[in-house]
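Structures given as C-alpha cells follow.
Consider the two complexes below, in which chain A is the common component and chain B and chain C are the respective partners.
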Partner chain A sequence: MTMPITADDNTQRSRNIIRNLKHLEGPMLPILHALQAEFGHVPDEVKPVIADELNLSRAEVHGVITFYPDFRHHPGGRHVLKICRAEACQSMGSDDLADRVRQLLGIDFHQTTADGSVTLEPVYCLGLCACAPAAMLDGDVYGRVDEHCLSEIVGEIGL
Partner chain B sequence: MTVTLFVPRDAASLALGAEKVASAIAAEIAGRGLDARIVRNGSRGMFWLEPLVEIRTDHGRVAYGPVKAGDVKSLFDAGFLTGADHPLCMGLTKDIPFLRQQTRLTFSRCGVTDPLSIEDYRHYQGLRGLEKAISLTQAEIVQEVTDSGLRGRGGAGFPTGIKWKTVMEAAGPQKYIVCNADEGDSATFADRMIMEGDPFVLIEGMAIAGIATGATKGYIYTRSEYPHAIASMGKAIEIARAAGILSSSVLGSKHSFDMEVRSGAGAYVCGEETALLNSLEGKRGVVRAKPPLPALKGFLGRPTVVNNVISLASIPVIMDRGAPFYRDFGMGRSRGTIPIQIAGNVKYGGLYETAFGLTLGEIVDHIGGGTATGRPVKAVQVGGPLGAYFPRALFDTPFDYEAFAARDGLIGHAGITVFDDTADLMKQARFAMEFCAIESCAKCTPCRIGSTRGVETVDRIARGIEPEKNKALLADLCNTMKFGSLCALGGFTPYPVMSAMTHFPEDFAPVPMVEAAE
Partner chain C sequence: MSLVHEIDYGTPASQSDTPITLTIDGRSITVPEGTSIMRASMEAGIQIPKLCATDMVDAFGSCRLCLVEVEGRNGTPSSCTTPVAANMVVHTQTGRLKDIRRGVMELYISDHPLDCLTCAANGDCELQDMAGAVGLRDVRYGYDGDNHVRARNDGAINAQWIPKDESNPYFTYDPSKCIVCSRCVRACEEVQGTFALTIEGRGFESRVSPGAHEHFLDSECVSCGACVQACPTATLTEKSVIAIGQPEHSAVTTCAYCGVGCSFKAEMRGEELVRMVPWKDGQANRGHSCVKGRFAYGYATHKDRILNPMIRENISDPWREVSWEEAYSHVATEFRRIQYQYGRESIGGITSSRCTNEETFLVQKLIRAGFGNNNVDTCARVCHSPTGYGLGQAFGTSAGTQNFDSVEQTDVVIVIGANPTDGHPVFGSRLKKRLRQGAKLIVIDPRRIDLVRTPHVEAAYHLPLKPGTNVAVMTALAHVIVTEGLFDEKFIRERCDWSEFQDWAAFVSEEAHGPEATESFTGVPADLLRGAARLFATGGNGAIYYGLGVTEHSQGSTTVMAIANLAMATGNIGRPGVGVNPLRGQNNVQGSCDMGSFPHELPGYRHISDDATRETFEKLWGVSLNNEPGLRIPNMLDAAVEGTFKGIYIQGEDILQSDPDTKHVSAGLAAMECVVVHDLFLNETANYAHVFLPGSTFLEKDGTFTNAERRINRVRKVMSPKNGYADWEVTQKLAQAMGLNWNYAHPSQIMDEIAASTPSFALVSYDHLDKVGSVQWPCNEAHPEGSPIMHVGGFVRGKGKFIRTEYVATDERTGPRFPLLLTTGRILSQYNVGAQTRRTENVAWHAEDRLEIHPHDAEQRGIKDGDWIKLASRSGDTTLRSLITDRVSPGVVYTTFHHPDTQANVITTDFSDWATNCPEYKVTAVQVSPSNGPSEWQDDYNDLSRRSRRIAGKMEAAE
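Let's look at the complex of A and B:
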C-alpha cells in the first residue's frame, strides 16, 4: 500500500466497469475481460470490488479468475506473443519454432522479457490449422511462420 | 463500369498477408486512377491459394493466388482487372477442382459474399429459411429438422431435432439458444470461417431455433483466440438488429429473438456443453454431471438448446430447401453434408464441404494431395486432440459417424491433421495425455490424475523402463479414463493414445541406448 491513491483510483475505475456490465446475464467473464483490457491484468485489489458488486464471496471470484488461462495476475509485457502448440502446428514443425522463439527472446513460455517488451505464451489452436505453424502477436495473426516471418514478428516487438 | 475485386478478411487470409495485399491493391487503384472497389469477403477455404484475390468479370469470378503484396504491381500491369492471364491466375474460381467437386450447402455463401452485407445475404438466398420457419408451427419446424437427419456437428452427433423437441416441450418462462462456438480442437476452423465469412447464416439459424423452441434469447460462446470472429459476429448482430431480423418482432412476425456474443477465456474444456454453460454463467468452467440435461436445465437452470455453429448454420438451408433435399446427401445414419477441414502437413489444406461417405484415403490423398513436405503420409488424426490416429491401412474408412466408431475413432468436428513419416506417434500419445492434464477441469479423478499418470507412463516407456509392463499399464489407465471420466475430455483422450499404440507399435519399441542418450 505504498501508493494508496493509485489503489483507490483502480477501485473506482473497476467499479465503473463492473457497474456498466453487471446487468448482463452471467456478467463475470465480460467484467473480467473488461478489467483486463483496462489494467492489462486483473489486479488483486479489484477482487473484493467484484465480489461486492456481484454479491459473491472473494473466494468465488478468485476461483473463477484462476480457472481461466487468459486472466493475468500480474502485468504482462507490452506485447503478447502466442505460439500455437497444438497438433496441426506440430505436424508442421511448431516444436522447433517454439525452441527458436525461446532462444530469440531468451525466455520460456509464461515468462516476460526483462525489459518488459514481450510475454511469451503457448496457445492451443488459433484455427489457422491449414496454414501451420501459426502465431499471434497481440491481435495480429501469422500463418506458415518461418524464419522470415519470425524476424518480422521480432521487428514488431522492437527487440 | 466499376470493377469489383475480392480480398478475403478471413483470419487465415490475414495471417498470410491479405491486409498488405488489400492495401497494395488500393494504392494501385488510386495511383492508376482506376474505377474499382475492393470487397473484403470470407475465405473460399483453399488456404494454399490464400490470399486469394478474385475479380468479377462477365464470365464469372477469376481467381489469382497466392498473391503477395509484391505481386500486386505485376497483376495490374498484366491487366488483371479484366481477368487477364498472369502466372498467379487460377482461372474461374468455380472451376478450381477443389471447389468444383464440393457440395456447398452450409458454406454456400462463404467466400462469395461480403459477410456484413445484408443485401448480399438476401441476394444469395439468405433469410428464406427464416421466412419459411415463420410460416410454420413450432412442431412443424422441429419435425423438418428431425426429418433432415441433421446430427450435432460439434462432435457428439446427437440428432438436432430431438434436442429441439425436448426444449420445445419444456415449460419455462425463459428459454435459451446457446451456440457452442468454442472451437478448440486442433485442425478445425469451420466455425471460425462461418462467423467471419457468413455470420448472418448463424444468426438466421439461431433465430429459427428460437422460434422453434420458444427461446427468445441467444448466446454465441466463442473463443478469445478468435478476435476476428468475435468482431464480425458483433457487427453482424448490430446489422441484423437494424434490419429487423433480431427484434421483438422477427421479420415482422409475432416472434421475439435477440442475441449476444460472449468470449471464453482460454479454457479448452469450455467446449464441453455443461462446462460452457457454467462459464457463460460466470463460473469456473467445470463440467456438470448429467442428468439434468441442458435441454431441461441449461443456462441459469432454464431450458436451453446447445448446438454447434455448423449445426445451427445448416438449419437455414434445411428450412429453405426442405428436409428431403438435405437428407438425400450422405450415407447410413450420417445425413447431409459435412465441412471437412483438412489441416496440418498437407499440400492442399482447407475446408471441403461434401456429403458423408468419402473414404479417408480419398480425402487425404486425392483432395488434400498428400503432405506439404512431399514425404509419405504416416498418420492422420481425425476429430481433433481427442480423435484417433489412423494409419494408411485404415484409409478405406468412409467418413461416417458409425464407420469411424467401428474402428475405434471418431469424426468429431471433422478436422483432419496429416502427419508425414517424421512424426513420432509415441510423442503424439504423450502430448494427448499432456494436453488433457493441462486442460482438465479437475472435477473427476480419472481425467485429473489419469492424464498426469499417463504422461509419466509414456515417459517410462520412452526410457525403456519395463516397456511391456508399462504399455499394459497405459492401456489399463486408458480404460479407466474412457469409462470413468465425466466428459469427453478424459473419456476420449484414450482414443489418440490407444490408436497410436495399436497402429504404430514400432514407435513404442525401446530405443537403442545410443539414441536414447541424445
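Let's look at the complex of A and C:
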C-alpha cells in the first residue's frame, strides 16, 4: 500500500537532502538541483526549510530559485523538451521549429500536455550555435533539428 | 521654517586616513582613499545623476545613470562603484555621457506610470528629479507593449502587473512604480539586517518580493521603514504621506520610545505630523529606525487622550472636568491639608523616565523644595537601579561606558538578559551588522532570543541558564578566566586595586564557583561555559551588553558587579569596542536618574547627606533641604497601607501596571487621600486617582532626553500641546499654586539651572546642543566635547574595584505546586505597558500577550497551541493564551507584559534586589493549567477600570 505524501514527509525528505549537501561551499545551487531531482520541482514548502538549514531568510531563497528558470515551481511532465530561442538558432529557423513543436504537442511554452507526458520550455542558448537550431530532451541535446529529427524526438516522448 | 535637508552622498564614507587628490570637472578635491568618485564629486558640490545609489548602503552599480569619463581610461565607468585614484581626471558631463543617460532614462520611463501630478511622491521623487537632470524630453519607445504599469493591455489581462500591497498598516508597496533599483532590498539587508526582501525573477520579470512572494505583513518584514526611506519613487510610500501630502517643514527631535534615543526629523505640514524620518546625523541611530519610532506615533492624536483636567472626590465617582486653575488649587490645597494633618513626610512624587530631563528636574525640585521632603522616586527603581548601584561601586559612575558607535569595533560581544532585536531594535541592527562582519557573539539568556540564530547571524555560544542564576554563571565565567590565566594582568595592575583583585581571584577560583560545580543548578553545560569564557577573554575587543534580564532579580546588583568584574579582569574598559553597556529601557531613564530622581540622590548622583551639594541647591532654590533620604516607591506604598502616606504626584508612569505585585500597589493607592496622575491617558494607575492632569507628548514640547549612552539629545516642539500645556508648565503651575516662586519661560532656562548646579552637565546648554547636535555627559571643563567613552585613562573612582559576587539563590523557588519558572520580556512592535503602542496600528503584529511554553511542558498539561490557560503564582493568577515553542527550555515559561488585560504583574512576587529594591520580575515560580476564561481578578479589575473611567457628561469610553 502506498501512503499519500504529505507536506511533512516532503519537509523531512528535503531536510535530509539539505543536510547532506550543506557542508559544500556555496551549497544553495547543489541543494536546489538535488531537490528538483527528488521531487521533479522545488516545492514552495521547502523554501523555509532551506532558509532554516542555511540560516538565510525565506526571501533570499525565493530570490535564488526564481532567478533560475530551470528550477520549476510545479511538477513538470515526464519529459522536458527545450527549444533554443537564442539569436543563432533564431537565424537558422528556430521560430518555425517552435511553431511546429507547439502544433505537434498542442501546448504552448511553459505548459505540460494533458497526459503529463511532456513539458515544453524555451531555453536561451545550449552552446550548440554551430549546429543550430538546437533542442534538448531530458538532458540529451539535438542539433540541426529538422522534421526528421523532430519526429524522432516525438517518438522518444511516446506521443 | 523649511525642511531639514540632508545631502545624499551616494555611497558610504570611507574610513581610511590616506588622502587622495583628484580633479573632477576641473576642480581639485582631496578625499580619503576608498571614496567613490560619486561621493568625492558630491563633496565638491557636483551632483552626478543617480538612481540606485544612496549613502546608507554600499554601491551597486545597476542603474547606469551615474556613468562618468576618466581621462586615460576606456569606457564610461559608473562613478558609484569606481574608487578615486591619485591624480585622476574625471568628467561628469560630456556629450557622450548626456546621450547615454538620456537613453537610460528613456528606458526607465517607458515602463513607468505618467501620473506624476496625482502621485504621492510628487515633489519627493528621485526618478522625476533625474528625468529633469538628464533633460528627458520624449520617450522614443512609446508606452505600449510589455509593461508593469497597466492592469490590462488593450482589454487583455497583463500578467506582468501586480496590484498594490497595502497589508502593512504604515506603508504601501506599488510594484507598478518600481524601477528595480534594489535600494529597498539592500537597505533591508545592510542597514536593518532582516533580509526580508529580494528581487524575484530576472530580466524584465524582476520584481521586489517581500519574503517568498508574500504580502509585506506576512513576510519576515519588521516594518523598520528603511526600505521606504531608501525608495527613490512612490513604490514604497508612507500611508500618511498618501493621506496628507508632502511635508513642508521639519525639525530634528528625539524618539520617545526606548533608550537608544534615535534622532528623527519630524516632517510636518502645518501642525500635522506627516512622517518621522530617521536623521542620518543622529549619532545614536546613524539614520536608522524601528517600527515604533518611525511609525507608531499615532497615540499622540488618539481619541483616548484626555485633554482637560479632572477631579473626583472618591475613586468610585465619575470624573468631573474642571479648569486648570481649579485643578492646581485643588491639588495644592489637598497636599497642604494632608501634610498639616499627617506630617510633612506624608506626601511624595514619582518622576517619569518618559518625560524630559527638564521636567524630571522640576518634579524632584517640587518635591524637595515644595513638599519639603525627599519622597521622590522614579520608574528606574523597577528597571536599572541595580545598574546605578553596581557600576557606581565598581567604576564610580552609574552609566554605560561606551557610545553605540563602539560596537563597530567590537570583536566579541556578550549579550546577557537583553533582547536587542526586540527591545532596542536600532542597536540590534547595528550589532547584527558587526556580527555579519565577523564579530563573535555569546548569548546568555534562558530563552532562545532571535540573535541566537537569525539570517546571517549565529551566536558562537548560547548559554541557556535557569532564570535567577546569572550571578553563578558570571562568576563561573570569571572562574575559567582566572584559573586558566586568561586575565589581563597589565591592565589590572595599572587600573585596578591589585590586592582587591587577588582577593576576588581567590574567591572565584574556588572549585564551588567553577562551571562543573554550578552546572547542576544553572543548567549551563560546563564545556559550553568554558568555551564562552575562553572566547571572551581571548577574542579581541570584548563588550558586554545587558538589559533587565540582569537587573530585575533579587541579585540584580550582584550581577552588575560580576559584569564589571569580568570587564576589568579581561581589560575591556576604556577604549572603543569594549565596555559595559546597560541597554536602558526607556527614552529618558538615564536622564531621570541623572536628574536626582532617587530619594537619596540630588542631580548628578550626589548623596543627599553631602552638605556641600545640599548647600549648592539650598542657595539656588532659597530653601533648606532635608538631609535624610526619603521613601522609595515600594516604601511609599507600604507606608500608604500602614496609613502614614496619603498623597502622591505621579508624572508619566503607570505604577499599577508596571510595578510588581499589582494587588499591593492597588491597596497602597486605594489607601491614599490624594492621588494625582499626570499622563496622556487614563492609565491603570488613574483608576485609583483623585486628580487627573492631562500630559503632553514629546512632539508638543521642548527639552532633552538622555539615552543609554549618556547622550543628551534635543527634543523639539513641532506642534502645540493638545491639552494646552507642556508637562513642565503644568509642574510649574502646580509649584506656583503651592507657593513656590518659579518663573521659567522656556525649558532652556531649566537646563541652565541644571548646568549651574550639576558638574557633569556644566557646559550643557541649548545653544551648545544646537551647535553640536548632541553631547555625551560628562560635558564640563575637563571634557568640553563630552565623553563618548568613559574611564579612558583610569576609572572615575580612581582604581577599579573588584567585588566578591557570592551567589545567593532567590527565595522564589519552584516546588510541587509551582513547578515552572516564569520570566518576562518585550516584543518589537509593543512598548512596555503598551499605553502608547496599543493605541497605534502596531497591534497588527501583537494583539495580545501569549505565554510561551515548551512542547514538553504543554503536553504534560494537555495544552495545545492557542489554548486559554491559567497562569498562577503564589501572588495571584491570570489567564492568557498559550504559544507552544522550543524557544524556552522545559521548565521555563515566558510572556510579554504589554496588555493590561493580562496583568502579568498580578503574578510577580514582591521579592526584590537586595541593594536597590528593584523587583524580581524575571523569576516567578508558576503553574500553568488549562482554563476557559478570565480569572476572577481580571473580571473584577475590568469592572473597576470601566467604572473608574467614567467622565460625567460623556459617553462611556469604549475600552
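Here, the second predicted complex is superposed on the first by the 154 of 159 C-alpha atoms of A that agree within 3 Å, B and C clash if a C-alpha of one lies under 4 Å from a C-alpha of the other, contacts with A are read in each partner's own complex, and residues count from 1 in each chain.
To be clear about the criterion, a residue touches a chain if its C-beta (ideal position, glycine included) is under 8 Å from a C-beta of that chain, and two chains touch if they have at least 3 such contacts.
Just so you know, these numbers come straight off a predicted model, no measurement behind them.
Q: Does the superposition put A:D44 against chain B (first), chain C (second), both, or neither?
A: second
Q: Going by the contact rule stated at the top, is it chain B or chain C that touches a larger number of residues on chain A?
A: Touching more residues of chain A than the other partner does is B.
Q: Kindly classify A:A59 by the partners it touches after superposition: chain B alone (first), chain C alone (second), both, or neither?
A: A:A59 contacts chain C only, not chain B.
Q: Return first, second, both or neither, reflecting whether A:V123 touches chain B, chain C, both chains, or no partner chain.
A: first
Q: Where does A:F67 make contact in the superposed view: on chain B (first), on chain C (second), on both, or on neither?
A: both
Q: Quick check on my understanding: which residues of chain A belong to both its chain B contact set and its chain C contact set?
A: Shared contact residues on chain A (touching chain B in one complex, chain C in the other): 63, 67.
Q: Flag every residue of chain B that touches chain A in the complex, lowest number first.
A: Those in contact with chain A are residues 11-12, 14-16, 47-48, 50, 183-189, 191-192, 217, 224-228, 260, 262-268, 279-286, 299-300, 341-346, 349-351, 372, 381, 384-385, 415, 417-420, 423, 428, 431, 435, 438-439.
Q: Can you name the residues of chain C that touch chain A in the complex?
A: These residues of chain C touch chain A: 194-202, 209-214, 219-220, 453-458.
Q: Show which residues of chain A lie in contact with chain B when the two form their complex.
A: So the residues of chain A in touch with chain B come to 24-30, 32-33, 54, 63-64, 67-71, 82, 86-92, 123-132, 134, 136, 139-144.
Q: Okay, in this complex, where on chain A does chain C touch?
A: Interface residues on the chain A side: 44, 47-48, 51, 55-63, 66-67.
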